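There are structures below to look over.
Note that chain A is present in both complexes that follow, paired respectively with chain B and with chain C.
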Partner chain A sequence: MIKKTLLLLALGTFASSAIAEDMEVVGNVQSKCVVTPDTAGVYGNPSPDKLDSDPASGGVDPIVRYDVIQASYYKAKITYPNAFSEAPALADVVNWTGDTATSQVSDTGMSGYDAAKIEYDNVTEFSLTVAGSTWFKTETLAEYGYGKAFPAGVYRAVVTAECIAI
Partner chain B sequence: MHRYLILLLIWISGYASAHEFTPTYPKMKQSHVENVVTTKMKLFNLRKDVEYYEIEVFNQNWEPVAVAVPKGNPIKISHLKTKMIDIYLKNNSGARYICSTSKLILTGGGKTAVRSRICSKIK
Partner chain C sequence: MLALLVYSCSSYSSEAVYGTTGNAASAGYNWVMTNVLPQQLGLSVNSVIYQYTTNKIAEDNMLVHVQNENARGPGYIFRETDDWSGLPGNTINKIVPVNMIDISYWGNGSIEVEGNGTVSDAGVYYSYQYIPCEDVQSDPTCPGYVDPTGASLVEQAIAVDTSSEEYIQNEIDRKANLKSQKEEEEREERQRVAKEKEEDIRDSLEVLLGLDLGASLQRAEDTLLHNALMATNYLPRSYFMAIKGGEYPDAEPLKDSKLPDSKRGLRVGLASELKHRQLVDLQYGNQPKEDQK
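Showing the complex of A and B:
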């Protein structure tokens, strides 16, 4: 009888101590950058010698989203194309122009990104100084020769979106 | 209710095409081979249109540095899969950036494709 009582008491003690045990929740926030192609770009053909992603020319500008968990750990480097990755045989030169700018931001603090961007060659760099999501839109225009008509066929070009730790 | 469902679907579909490469600041440590250092990187492929990623290493001036990736390079990784990648470099190689770059299959004309690259900086 005494043994039984002691056993019950011991079990009761263990049970109550288990109930009183603190539960830990552990989290780990790491800096990271996620690059997401948001909108596929499409070339419009407003005149025979032009392929333009501008919506005013019947195209669609490609959009890439950058998500950064912590501020000032990364820079975005976006390169508009200066060659076709797929095209019919071209006998003349293609003149490339383009521009990259923010199209949407998740934080008002990102409104200064465009003013602070650095441009060289066909590259645009943005310092991602605010945590959150930024959508960058790239406009790309290809003009063939001196007013020459692009030969019929399929044309494709590649925009490079880089996220580089700083 | 329907509106929330549509928003959720849009969010999921957008997120299901991303590229993630961590840690941001990897630390190299001595490998089992003399004068060779190693680190482990995590690659998460959320891009439906990409199956291969290439690992590249660069020095401070963005000049390529020789790298050994035992799992093969480029690495095949299915959509929504994560891979831990062992990176081996010569000691004192001057390596500063470890990058993963998506490899694109060139199909579907009249469109622009997006090549994504994420670079981590060696501490």
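Showing the complex of A and C:
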């Protein structure tokens, strides 16, 4: 009996030395696409019923810069606003329009992005096929009701810029 | 804090200064680099930053060159070409590293367009760096700077308060020192001249008296002259005859006796005396006395 016990102990010791260990492998992936806000937008108020970022209307178009180190791995997805993030209480509907296009490029090849962009809803997508920096400018226009004046107050809206791996 | 301050002061001259020029193309698409880059010794350009907007039809061919001539040789030291052929116009914003090119290479710059299309709203900027005070004369604030015009000395002189007692006392002391120094120099000069004169006189006397250093020795010229005379047998033989020494007594000594006056001589003397008196009397207008004759 003692021997069994010893034998069991020996078997137990042998069994514990054969256990496998899990080894962790760690890797960090730095994004090769960086999105940087370049110019903050401002709404102009050319008429009581309009809030427009167009410089011709007294506004400033927001500009975002995409820096891509590796070409053809990412696409830019920019969404112009379709709602205010902050505004006085509004009793009527707001009609939203907008457009996004290249503002500046660091390579002449990027000048073809506009022709190849994809638009749907309030979203514009650009395939970033050239390494370098591209500045995208978004125009946003909000019209209140049917020729109705916006209530006084502060209005804020958000342009969303994303860099998505293809 | 103090240590940090001391460190920052001492390291002033060795820290590089980084900067970016203004828009070189602000006045046109051709520019002179000496008007753009700071004229600092050792300045080098790190990168060229430019932007412009092209106005063109997408289908047209268009090349835009942003360039700088090589100031130290043919060709260009910097030339970046953007090919807009078949592309719509846009605004380009570019940073081109140029790997620390010395200022001396940067010649005149320009934006050149080939093909159809125009360029507008151009901006060209140069990012540079240099170490200040590499040439200490480049900046009056550099340690070791020497004012070539001496203006600082004049300013220091002007800054002195000439009405202060300290200044007046210093001026008096300075003038007194100058006077005593001048007197001392004059005294030394007099002593030097007197000493030289004394030496000249002593030398001339020694030569005259044959006491100079070579007096005991026959001079070389004399020896040559002597030999020449001897060769021509010009000198009389008596020059070389020895004179016998000894005493040479008088041959006929005069005997002491009374020597009578010569009568003939007496008459001559008297006649001379009479003639002399006549001449004197004639001089004073007196007639010679007959009885005296």
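As a working rule, the second predicted complex is superposed on the first by the 135 of 166 C-alpha atoms of A that agree within 3 Å, B and C clash if a C-alpha of one lies under 4 Å from a C-alpha of the other, contacts with A are read in each partner's own complex, and residues count from 1 in each chain.
One rule holds in what follows: a residue touches a chain if its C-beta (ideal position, glycine included) is under 8 Å from a C-beta of that chain, and two chains touch if they have at least 3 such contacts.
From a predicted model like this one, the values you see are computed outputs, not experimental measurements.
In the superposed arrangement, does A:64 touch chain B (first), chain C (second), both or neither?
A:64: touches chain B, not chain C.
Report for A:135: first if it touches chain B alone, second if chain C alone, otherwise both or neither.
second
Pick one for A:111: touches chain B only (first), chain C only (second), both, or neither.
second
Looking at the overlay, does A:47 come into contact with chain B only (first), chain C only (second), both, or neither?
neither
May I ask you to name which of chain B and chain C touches more residues of chain A?
Of the two chains, more chain A residues are contacted by B.
Classify the contacts of A:102 with the two partner chains as first (chain B alone), second (chain C alone), both, or neither.
The answer is second: A:102 touches chain C but not chain B.
Who does A:166 touch here: chain B (first), chain C (second), both, or neither?
Only chain B; A:166 stays clear of chain C.
With the two complexes superposed on chain A, say which partner A:33 touches: chain B (first), chain C (second), both, or neither.
A:33 contacts chain B only, not chain C.
What part of chain A is shared between its chain B contacts and its chain C contacts?
Shared contact residues on chain A: none.
Can you list the residues on chain A that touch chain C in the complex?
102-112, 114-115, 133, 135
Which of the residues in chain A come into contact with chain B in the complex?
Touching chain B: residues 30-38, 40-43, 53, 62, 64-65, 67, 73-74, 81, 85-86, 138, 140, 153-166 of chain A.
Residue numbers of chain B touching chain A in their complex, please.
Chain B residues touching chain A: 14-15, 17-25, 46-47, 49, 97, 99, 104, 106, 108-121.
Where on chain C is chain A touching in the complex?
Against chain A, the touching part of chain C is residues 51, 82-84, 87-95.
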